[in-house]
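In order of appearance the chains are A, B, C, D and E, and numbering begins at 1 in each one.
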Amino acid sequence: MTTPLLRVDNLRIALASDGITYNAVENVSFEIGRGEAFGLVGESGCGKSITALAVMGLLRRPLSLGGGRIVLDGQEIQDAPAAEMRRLRGKRIAMIFQEPMTALNPLSPVGKQIAEMFVLHQGANWNEAMDRAEEALRQVRVPSPERRIRDYPHQLSGGMRQRVMIAIALACGPDLLVADEPTTALDVTVQAEIIDLIAELCAAKGTAVLMISHDLGLVANMCKRVAVMYAGRIVESQVADAIFATPSHPYTQGLIDSLPRLGERARRGRQRLTEIAGVVPSIQAYPAGCRFNPRCPAVTDICRTNVPEATSLPADGLVRCHHHG
Amino acid sequence: MLIVLGRRLANVIPTLLAVVALVFLLFSVLPGSFISGMNEDGRSAMDPAVMERMRKEMGLDDPLLERFAKYVVNIAVGDLGTSFRTREPVTKMLSGRIWPSLKLVMAAMTFAILVGVTLGFLAALKPGGLLDTAAMVGAISGLSLSQFWFGLMLMYLFALKLQWLPSFGYGDGGLRNLILPAIALGVGPMALLARTTRAAVLDVLNADFVRTARSKGMSERRVVEWHVLRNALVLVITIVGLQFGSLMGQAVVVEKLFAWPGVGSLMVDSVFQRDMPTVQGCILMIVLFFLAINTLVDIAYVVIDPRIRYR
Amino acid sequence: MADSLLSLDDLAVHFMVGSAFAGGVKTLKAVDGVTLDVKAGECLGLVGESGCGKSTLALAIMGLLLPTRGLIHVDSQQISGATPPDRMKMAQTVQMVFQDPYASLNPRQTVRRTLADPLRLHGINDRAEVEARVIDMMAKVGLRPEHADRYPHEFSGGQRQRIGIARALILKPKLVICDEPVSALDVSIRAQIINLLLELKDEMGLAYIMISHDLGVVEHVSDRVAVMYLGRIVEQGGWQEIFEDPRHPYTRALIAAIPDPFHRAAAAVAKAKAKGEIASALNPPPGCHFNPRCPLKADLCTAEVPLLEATGPGHLAACHFRDRAS
Amino acid sequence: MSVALKLPRLRLKGGTSLWVGGSLVAIAISAAILAPVIALTDPVMDANLMNAEIPPCWEYPFGTDAQGRDIYSRIVYGARISLSVGIISQICNSLIGVTLGLTAGYWGGWWDDLVSGLTNLMLAIPSLVFALAIMAILGPGLVSLVIALGLTSWSYSCRIARAQVLSLKSQGYVQAARILGYGDLRIMFTQVLPNILGPLIVIATLGMGGAILAEAALSFLGLGIRPPFPSWGSMLSEARDQITTAPWLSVFPGLAIFFTVLGLNLLGDGLRDILDPQSTTRRN
Amino acid sequence: MRKLIWLAAAAVAVLGAAAAEAQDTPRKGGSIRMTAPYAASFGSLDPHVTPRAQDDIVNKAIQRTLYNWNTSANKLELELAKSVSVSADGLTYTYKLRDDAFFHNGRKMTADDLIFSYTRIMDGSKGYPGARYVRLIKGAVDVEKGQAKEISGLKKIDDFTLEMTITDRVDPGYYFFAGTTAILPKEEVEKGNFASNPVGLGPFKFKEHIPGSRVTTERFDKFYKPGKPYLDKLEVLIMAEAAARDVAFRNKEIDTSILGPAQYVAYRADPQLSKGILEVAEMFTRAITMNHDSIKPFQDKRVRQAINYAIDANLIISRLVKDKAYRATSWLPPSSAAFDKTVKPYPFDPEKAKKLLAEAGYPNGFEFELTTSQNESWGLPIVEAVIPMLAKVGIKLKPKLVEVTVLTELAMKGDHQAYIGSNLTGPDSLATLRCYYSKTPRTACNYTGFKNPAFDKLLDDAAQEGDMAKRNELLKKANNLLYDEAPVWFFNYNKAVMAYQPWVHGLQANPTEITHQYPEEIWVDANSPAK
């Protein structure tokens, strides 16, 4: 295998709170190959978004990088100087965010916000940059881009705004696109379009995607490989198809079973949904041992004391569970 | 912009009318009359027969409603009545006072904006830092100062002890006479602006779109220049407008202390002498100024914030 | 009508927006001619995307918004019209569960107060009885008695939603409107609440209107389903007809948009995705509101509003091509 | 980002100002309450012209005034007047503002238009000018002052109450209350009011400082508190001519005003961080 | 002892004035910056419109009246006339007017200007404050009522001779020296904007008025006193705030300043500043006016005397007013010709006060409300000092603070139980004492409601007496009667104190109002920093 585009190795993110430092994320490792779509799935507060921010070098107080390595194309960037990171951001790694309304500057025309990318990274002058911004808008299939570049974010619908965000992110043809819940704020029908757009554009440009979502179905549909995070750790990582077919971690299993799936009732009649007991723990109250242990139906004593090691699964997959393998 | 202006005017007129009515009613129940006010210094002679006659001549004995109706009709044609005291048209008296008042208010606001916004801005860039702490302690102290006390202190320090600046008066209308009263008047808004600016900049710095800007690979300096300033300005401008507008009213104390010939000191003087047409004219002037500034702020919003147009 | 717990007849809720100065007043037809009924003990799923008017419809049913036209009958009693409805009586018939469990509980009231106050308000003043009903209701939604004196912030999202459900049920209503009851919850918690709602329905003989954009949830819980688009119902029928044999292109588009990692849906559905975005309700397209996004669009669709007509027993669709095979 | 991540910084910042502000205010309040106990002499009757204008010394820690009265005792008693002015006028303001704002925001319609108009009117006339007019009508004195300050600056609390109600009105629990059959007033007072109290308390706290300063300004203009009981503003105002000859006359009341208002401002800030964490940019 | 203090202070005043005169020969040129301390603005520069002391500070420079008050001689003298002859019945005065007086517009003053000015003042529709004086002229009232166009008592003999017939046997000087009776040029008045461009006969001509700030005037070269004025420029700066005035004076931004008690102490103690202090006993009597109609105890002479005994006025004057006042004995001020120097003020004797109260039937005292203004010399601070003193004899005093404006109105309406104030008590002693004449209405200054037939008789006799010396004897008796009756608490006569910079010379100690300087006498030496 060639070197992966991005390798995250043993990442730890520290959260300082009231003078105590918590590990919001620990032991997180994954690799993304060139042009590959990789999904990171988890519930709110599991640390998936801050992992993405860590990759971007955008962690801010009270969060900080606690340890581990982030290797982009063979180059370690976790300790890169700020200026170096700035050159990378936007040019080689780009990001789109959950809320397209707040992620765009409300006082600046969208065309200008796209054009900034060309000015920043390619030394274009503003006129030239605006022309290219128009082209970028066309690429993300915004109708009549020549007019839209002068529009302000509030004049666009949610889906259009997210398209603008995509245009910004992909403006300089980055190697990696980090998409943090890009469709959560959108309607179902629009969400499908945006996902398709991202997949299509990235495939065309050979851009790798780090897709972050709470929706396992969505991620599995788009990504080749998926990692599931729970309470700051990756609990399972598999090829997308496999994770639905053979979920190995009780949490993954629970997630898949707990939601009514379209067509399920027609096939099998109404079944009582499988519940995952309890609640997601807060960072300050992570349980010892396997963090899923208070909610796990298969919990045993070892789960409460020992952190499970990773067990390999086929096709570079892994799972962290004492009861596997 | 015309729409904003139109909407604004539609709001301004009823407000003005209400102000006129309120002021008129308030001051018509004021005890003491101008005529007894002529002895305000306790040194001037009065003649009861003349007083009776003056009451009549000034229409003070007419029914309230009649006087009010007359007043409103006159205002509509730009006549604010005749001062009891000087027997000159109020408009003429005001016209001599507006420029000094404006000068003072503008100087105070310039001071407040220059110092306040700069301090607040620098403080926000390093929250928790030494400058931040110092600026915020200074700001909150500035808000806790009694204006006339502070003015007196300035006088003593800069005029009497250091002899840098004249202590009072309008002088030739130049900058030297303006500095002390402007600072005394501007310290409150300055403190408020420092705090508001700091909060606004911090707010914007934490906004999602700033994160977006950073994710684009911008330097912090660019982030601030391209994305933070303008957005913070929107938040700051409200305070600037409100403060600017009410400064003319607050100037009363400072104008009196520094013997500054503005609308405020004319008003206080006229209140104490019960020169009602002048008082009403002054208040109307102050309110008009407030509303005008607010309209300007609204227009500034439209210029700065594209969202407003479509609201 | 007689056997309907709730019936809506040509219900419309319009809002005036804008001002006389800025570009004139416009009419926003949030709900525009909705006819529906819900029978006792039945669960009606109401599906639609943001801005389709489903929340407005719910508020109108609750009597919180005055309808512009049309009739609402609740338990055979007309509640719309010139006079505002009798809130006290309404309260004992229809209740509501809200989407956001964080915003739907008064942060300054304990669970006990949240549940006991409505009882007292409705004339139950006996202390022991109030207490008994509160504890009983808490038990029903899976809360322990010691939770009674806690404040909302001490609970997790799932537990808060349980409190919200308890509050809705404390007056023993016949119909509960559930407005996206699980969409704000953590994924791993949603099953708990869906199961709870279904259990309570059976136990208390409740009827539901289940408003959701999550088709999986709707399919799971509903007896009948109505699909809304831009203020109108575009399709209505039994859950099986809607999901197995959707007749409206919009319904098909909704189903097609669901990520389908199991690759089980028919290939035809996968091609039914809608293009573009939902139009503004302020300025809906003429004719069939869905026409700009519709793969079946024809001239007829811009010219004529399709009526909601039967396409099978109990299955209605508002499409000119309702009978065309998908 | 999750809610949990936002908490820590606010608490640190609020802590200091809350502590310092709270202590300063507590000192002022205890001085007011304990005045008869901790004052050395009667602030009014113990005038002895033979003792006039003694600089601070052991017997008179803050010196004596032109009437030979102990300034320390007068400041202690003055706390009663000055704090009463601040507290009572703010209670009036809050009552008026909250009632109007609450009902206007909740009911909307013509009532809202009327209240908004009234609020704009109040904002347009500078409150000092307004207070001056009312003081001139009622004549100097504590009651007039409380009325003047209590009637003239309710627009802020009204605006805030209204804005808060508007945002709370669509919250689930308010809607739920309506659905459960609660009457409008019951909803306003049990569901809405308790939840908007935080920012209103902050406004009232900051307003108290403003009222104390306004009292000083009005005293300066000659429309202050009725004698013989001292208020800090009137003490300061009376002493201003002697600032070069007997500075202690004005220094101590000046400091009392400064530290009390500072305390109230700090307290308001600290409370804001606790009670109203979202509103860092709101004007006060 | 007390008298000694008073005499000493008076001597200082005279010496101060003398010292100012005794400098070298006046220097021509330079400018002076005087202060107007009584309000934050001038009312009007039209002297007929305003009776205010503040405005007269400027008007003294620009305008002239028929008479003036000679400060050094302490009496009235002719200003615009060279001589006057009086008819036998004492009612017709024939004035030989100056033929060298020019208005600032260059025109010479004639008798027509006096007739015009006095007729204007009697315009009933305007209610000019000077009407109270001009009404003395026969036929003036008819003009005021609109029944005549011309004042019948004024006759022009020739351009420089005017005959004036008056209605009472009084000295018209008292009536025609007030600023409100200034002589104005008709043609300028009729231009319509006289107030913003005043023209007069005074030594200085108007140059600029910045409302609320200052008035600037320049030397008028054709002024009728040869060689005068000395100054090129005279500015009057408005400075109502005593503390600010203090700073400005110390900072040498102003040349004269009016001192309050606090600053009086400080300036006297300062080796430099103490050299430039001008003092004068002004004709203002400060008193607590008791309303005999509203509080029953006040009707008893013994109670009123008790109050005079119970208050330690000397202590208040020395400690609180910082000796910036002269102890009052009775109503008339010491500069009045009818003042009796032998009378001693009420001594401080609380025991006697208690006894008198007991005799009057109030052994346990009583309670009354005292209305006061904020004034530092005759307002609130005094009341605060009086409260404990009266409390010691059992009288409970409730202070009520009002504005001066309101105070005046309450006094006129009788809507008070007692009030403390400052009363103009000169220079016309007869007019001053009329305030206690039983037929004088309350609105015209009988604020006590005092009624005493003996007093009325004395006043009637005095009015009939043509011989000024004899009249003054009668008035002296009346004043002493007031002393015994004590209708008010006699507090003090104002000691007006003006501070001036060392380079200022020629200031006059004017007892009618210290700020009213005849500026043609003032000059500054070369040390003046003003340009």
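Everything below uses one rule, namely that contacts are C-beta pairs under 8 Å (C-beta built on N, C-alpha and C of every residue); 3 or more make two chains touch, one makes a residue touch a chain.
Model, not experiment: these values are computed from the prediction.
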Sorted by contact pairs, first entry is B-E
The chain whose C-alpha centroid lies farthest from that of chain C is chain E
Here the gap between chain A and chain D, centre to centre from mean Cα coordinates and rounded to Å, is 50
Chain-centre distance (mean CA atoms) for chain D and chain E, in whole Å, is 44
Chain-centre distance (mean CA atoms) for chain B and chain E, in whole Å, is 39
Note: chain E sits from chain A at a C-alpha centroid distance in Å of 90
Listed in rising order, chain A residues that touch 2 or more other chains are 44
So chain B residues touching two or more other chains come to 31, 152, 156, 256-257, 268, 272
Residue numbers in chain E touching two or more further chains are 243, 402-403, 406
Interface with chain E, chain B side, in the complex: residues 31-33, 36-51, 53-54, 57, 85-88, 92-93, 96-97, 100, 152, 155-156, 159-160, 163, 166-170, 255-262, 265-266, 268-269, 272-274
The residues of chain C that touch chain A in their complex are 49-50, 156-159, 186-192, 194-195, 198, 213, 215-217, 219-221, 239-240, 243-244, 253-262, 264-265, 273-275, 277-278, 293
Seen from chain D, its contact residues with chain C in the complex are 171-173, 175-182, 186, 190-191, 194-195
Interface with chain D, chain B side, in the complex: residues 11, 14-15, 18-19, 22-23, 26-27, 29-31, 140-141, 143-149, 152, 156, 192, 196, 199-200, 202-203, 235, 238-239, 242, 245-246, 248-250, 252-253, 256-257, 267-268, 271-272, 283, 286-287, 290-291
In the complex, the residues of chain C that touch chain D are 59, 62-64, 87-88, 90-91, 94-96, 98-100, 103-109, 117-118, 121-122, 164, 167-168, 171
